[in-house]
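Two complexes, one shared chain (chain A), two partners (chain B, chain C).
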Partner chain A sequence: MTVDSQNDNATIGIFARLQPLLARLLQGGLTLLAVSLLIFLAARALPGDVANMILGQSATQEQLDLLRVQLGLDQPLWWQYLIWLGGILRGDWGTSLSNGQPVADLLALGVRNSATLSGVALAVMLPLSLLVGVIAAQLRDGFVDKVFLGMSMVANAVPDFVTGTVLVALFATTVLHVLPAVSFIPPGDSPFSYPDALVLPATTVIIPGVMYLARLVRVAVIDVMATEYIQTAELKGLSPSRILFRHALPNAVAPIIPAASLVAAFTVGGVVVVEYLFAYPGVGSALVDAVTNRDLPVIQANVLVIASAYFIFNLIADSFAQRDEAAGQRQSKA
Partner chain B sequence: MTMVLKASGLTVERADGAPIIEDVSLGLDRGEVMGIVGESGSGKSTLALALLAYARRGVRIAGGSVRVADTNMLELDTATLRKARREVVAYVAQDPGAALNPMLTLGTLLTEGLAGSKAEKVVRAREILRKVGLPDDEAFLQRRPRQLSGGQQQRIAIAMAVIAKPKLIILDEPTTGLDVSTRAKVLDLIRQLCISDDLTAIYVSHDLAVIANVADHVTVMYGGQVVEQGTMQEVLATPRHPYTRALLNAVPSLQARQTLRPIRGRVPAVGEAPNGCIFSDRCDHAIEACNTRPALRLVGGTQVRCVRPELAEAFEVRPQAVGHSDRQVANNSAVLQADGVNAFYGHRQILFDVSLQVEPGRCLAVVGESGSGKSTLSRCLIGLHGNLTGALSLDGKPLPLTVDQRDRNARQRLQYIFQNPNASLNPRRTIGQSLAAALANRPEACGNRSGAIIAEAFERVGISPHLAMRYPAELSGGQRQRVAIARALVANPAVLLCDEVTSSLDVSVQASVIELLRSLLADGLGMLFVTHDLAVVRNIADTVAVLSAGRVIEQGDVYKVLSAPSHPYTQSLLANTLQLPTEAIDVPTIARRQSAAGSR
Partner chain C sequence: MEMTLTTHQWVRSRPVSGWWRLWASTQVRWGVILLVAMTVLVVIGPFVAPYDPAAPVGKPYAEPSAVAWLGTDNLGRDVLSRVLSGGVYLAWMAPVSALLSVVIGAAVALVTAYYRGWTDLVLMRSLDVLLAFPGILLTLLCVSVFGPQPILLVGLVVLTLMPGVARVIRGAAIPLLDREYVLWAKAVGTPGPVIILRELLPNVSSPLLVELGLRLSWSVGILSSMSFIGYGIQPPAADWGLMVSENGTGLGTQPYAVLAPILMIILYTIGGGLIAEGAARVMARTEGKA
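After this line comes the complex of A and B, so read on.
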């Protein structure tokens, strides 16, 4: 009896703790549903007729009508949407209109390649931002710091495709010829088998990310270094490294994490441009190709994947921000 | 006696060469406590830090020497200096909430920097925790600073400073942010440590009453210079510098309502000191000879930087103020009344059945410690706390409980003044604009009239209307609080709700704000004055309500409650209120301390 009631309490406790998360996931699910509707409508609103694109200019009206019936394009829009949505929920993403392959297969390939690119970029970007930010803060108002601030201004003002083009000119075509200008990775091969194909696309994503995040790190470290507890640590005679790593960084990193999650979200979204630029076979370039071909199921699937990734990173950013807020409230109560 | 601290000719300057402290010399024997006193901006914190060979960013120690025991602090390389700060001199900052790293456990905070194995460190930490009167179990060592109360945090900060058994400990306003009974306990702890560990200490404070209760010697700082230095009794009994006298005159007394003498003008900013005697522009006794800077000289046992130290005999004792509680109040009907107020945070009840009334021309003080619910009470009255039951009435008419249900007239009749004017004035508005924004709610005061009303409000609080274009950051703390009061006045209120309005101010500035509030009372304003300082209550209030754990435990006329408190809580509050020993009743405190010092 007592054991039972204890178990009940434990269940309730876990539920109470999970409840905000569940609410958030439900909210996220609804958001993605709304996004899927928008994607669907936007894809249908693209100019140009799918049947025309597939059959070419010489097709007769009967051929076109027949294809439309085969593709289900003669059905009302809401019905087409429900069919598509139902398919996704069953794991059936449809077939590509342009090459007849299952969308799920194309998607798996693109997601793997894009995730590799984003993952590599983030794995370099985040520690590098921390390092650059801390160094700039330590050398505050010095020459290195000023150069960094100027460079970060420029890097953040310049669009990704310009950065990428400049990198290509420097390392692939005009000045040096050490890296490939186009990231050719055969379908089915892992991008890690072609590391030199990853370098330029990843660098194009890393540069603006580091320049933005390192600025935030720099300001956070400067703020923390000006607090009384750092002064106290100095007056306790602690070593500079202990002050930096034990006293300053844990406090400086906390406000950076939500921003870093958002940058991660932007990186996943921004990968479209970079992939297109380097013809890197990921979700982004697949999307661009699909739009050119009016390949509706592929467009929808790819946009939905990018939107979900965006959503997940935003969720992470939000929960960090909320945790900070809760900590702040505890502090103000004390 | 061995000399533990010998600082001489210590000078700290800004990067542009303007001195922040100039030619300061101090000497302390083993086991002695030196109080350093002065207003904000007098350079006392800079001095405290310079004794640890530390200068804030953009500031450098330009000259002089600091010897602590056998260590010459200003001539060490960085590694040896760090060792000296671990083992020879320790520092306790004013605000432990800000000075303790929120991410580290108490165990780490206490023992980092100590040599020895982990087990030894834990033993040391437990030992020191017991010494400062805190729990010493493992769970407590794993706590973080935010899980402690303010008083406990300051105990940790003190424990952190004394754990390595330093020769000298420097305390920079360690009790300023604490309420009276916590302050009394922390002061007790410091005194006890001085005796049991034979600790030599520097105690920095703006509050002479606190200094008088811990120190053997006192150094009075003004504008970065030592203006008077000597033994505690000598300086307090016969202050020879006009600034010392002025500081003493500004301290409110618990025994009697007196005219508080604010010091006119303000502490000179760094680099803007007058050429002659640094205090000459604010001094009532300045003469021609004050235009050349006097040197410190020995007069009757104390060092004084004044050309007329003989003036000490001429300083008048401040007169008693006319207590307007003695005056017969014609209109005795309450302007603001609260009946049976209960307030809650969530399901927790904060206030229990609180009833009180504010009468025109009279001041009701609400007294209690932090957490007693006094701020909640004032927020209930102004209508900012939604979760309450009970009845409020204004001018005899019922007053809705929350501010959004109140009409414009009711909102204007009640005005609120916050504790911290730095936070309550919009930093991006000139003070003139801040007042104009408050006027925007008065339709009858639009157009040309508004300028006149604003100018009148500034005049009333003693701020020159020329300053209307200034931003709050360009004003002193006292001026800012006056502006906050002026902003309340432009609404033409009947009642001012003052929430700890003098707590963040220097004693001298507090004196000027109290005098201003008194004159507003004389104009017929009703006032509710929330505070934890009974000496301030004695000097401004007519009636007092003592709040403890959300209940009014004692209520009545100020002189009755303060001279014969009936509730033990009020008695303990009174006992913990620190007083200057110049008032006969407190002399035994010093005598006791002296005998303790003598027995060592």
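After this line comes the complex of A and C, so read on.
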């Protein structure tokens, strides 16, 4: 009897805990649906007739009409949207209007390159921001710390293409000539085979990310070091490095996790400009090219992929932030 | 609490309005000075420019000389004249975008925070949808549909930045609703709009200024990035972001054609950054005291 009621409580507990997550997921699904509708309508509203673009100026009216029927352009707009959405869900992303290749294939290449770039950037960014943040906290209010704070303000205010162009001038074209200014990676090759082509685009993303996260680490470490718990450890005579790495750092990591997911989202959102700057062959540069060529299926696919990745990282950041808030409320009630 | 105060005075005592405390911050002051200086430079720039920014004065990518102090660009136009004339669009579009984002965002945040109810739910959820879309994508899509008109660009930047402002200000306003001075104002029958303007608004002044500085930097960022990727201000107009992309290939031979406009963008964004930084420090200090 008691066991049963405990089980009941446990089930209710799980539901109570799952409910906000389910609500977020449902809300997330609806948001992505709204985003897909927005993309569909925006792409349809692009000037220029698709059939005209494919067949060129010399096409006859009959040829145009036939192609429109083939492409489903004679159907009502809502039906076209449903057909398009169904195709996306089945993995049929259509064919590129500019080169006739399946969009799914083009997208796979771009996604791999962009994911490599963002992945490398994040893999360097997170440990580096811990290191920089801890050093700044240890040297609090000293010269190094002040220089760090100033640089961090500048790095976060300045747009990515400015950071990137300054890096190009420093390392590729003007001061030193050690790295390529343009990231040439042949289609189908892994970006890891061209490590020097990855360095500058990745660094462009890493600098503002580290400067933002390291600041949060710095504040978190300073706060933790001021707690009674660390002061007790100091009184016990633990070595400063042991206090820092075993006690302070683990407590300082928690508050930056949502911020790190947010930086991941910004990294994804920023690929358009950074990839364009370095002509890096990812989803961002593919999107700019597709917009220039009015290549509707490619535009839709790339925007949908970037928006989804951006949304997922934002969702992760949100759920961490909400969990922390809930934990904070529990603590303040206790 | 101090016994010398009457209950009335005690309940009415609230944090001194934050505006003057913000101006006392060195960083806020330097940020404002920098922005004013940049604005003056941009406004008088076209009048003091030695040449017509659209007319060629020499060979492409000529090095700095007595004729062209910063050399020439990809089409042989004077870099100095183009830099002096190249901030005109940014100088009105960025502040207008930032101000509209903050004003609309704060209005939405304070009204929904104060009145709650279903409008609150609907508004905040629709802002979440906007937040789910990376700003540059929305801007790129819409500009490719409707063309790069300045008014449209400003509207898109506002649409991109405003939801974030609303979220932050709402977060700052909600704890204020339980404070004595707000409850007191409600209890004596002060109308809602008056409470919002007289009690809530002055007490979110620090986060508002943080947002204004931050969003100004970001407006400059989005607008100049759009010019850079070719979907903002169109050639042959002189524009800093556009100059960076036009002269990118000449970076090795004539770096000034790229570095001069870059320096202008950096100075402009740092102005906003300093204001945000100073206001955030003031906020941290007052919160520490509370």
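In this text, the second predicted complex is superposed on the first by the 277 of 334 C-alpha atoms of A that agree within 3 Å, B and C clash if a C-alpha of one lies under 4 Å from a C-alpha of the other, contacts with A are read in each partner's own complex, and residues count from 1 in each chain.
As a working rule, a contact is a pair of C-beta atoms (placed from the backbone, for glycine too) under 8 Å apart; a residue touches a chain by one contact, two chains touch by 3 or more.
Only a predicted model underlies this, so the values are computations on that prediction, with no experimental measurement involved.
Asker: Touching A:239, do we find chain B (first), chain C (second), both, or neither?
Answerer: In the superposition, A:239 contacts chain B only.
Asker: See if chain A has more residues touched by chain B or by chain C, and give me that chain.
Answerer: Of chain B and chain C, C contacts more residues of chain A.
Asker: With the two complexes superposed on chain A, say which partner A:228 touches: chain B (first), chain C (second), both, or neither.
Answerer: first
Asker: Given the touch rule stated above, what does A:169 touch, chain B (first), chain C (second), both, or neither?
Answerer: Touch status of A:169: second partner only.
Asker: Touch check for A:157: first (chain B), second (chain C), both, or neither?
Answerer: Once the two structures are laid over each other on A, A:157 reaches chain C alone.
Asker: Check the residue A:101 against both partner chains and state whether it touches chain B (first), chain C (second), both, or neither.
Answerer: Touch status of A:101: no partner.
Asker: Thinking of the overlay built on chain A, is A:268 touched by chain B (first), by chain C (second), by both, or by neither?
Answerer: The second partner, chain C, only.
Asker: Please indicate which partner A:38 is in contact with in the superposed arrangement: first for chain B, second for chain C, both, or neither.
Answerer: second
Asker: Do any residues of chain A touch both chain B and chain C, and if so, which are they?
Answerer: Looking at chain A, the two contact sets are disjoint.
Asker: For chain A, which residues are in contact with chain B within the complex?
Answerer: Residue list for chain A touching chain B: 226-229, 231-239, 242, 246-247, 250-251, 330-331, 334.
Asker: If you look only at chain B, which of its residues touch chain A in the complex?
Answerer: Touch list, chain B to chain A: 49, 52, 54, 57, 81-87, 90-91, 93, 95, 97-104, 108, 112-113, 146-149, 157, 160.
Asker: Quick one: which bits of chain A touch chain C in the complex? Just the residue numbers, please.
Answerer: Residues 27, 31-32, 34-35, 38-39, 42-43, 45-47, 153-154, 156-162, 165-166, 168-169, 173-174, 181, 265, 268-270, 272-273, 276-277, 287-288, 291-292, 294, 299, 303, 306-307, 310-311, 314 of chain A touch chain C in their complex.
Asker: Give the list of chain C residues in touch with chain A in this complex.
Answerer: 125, 128-129, 131-137, 140-142, 144-145, 217, 220-222, 224-225, 228-231, 241, 244, 248, 251-252, 255, 258-259, 262, 265-266, 269-270, 272-274, 276-277
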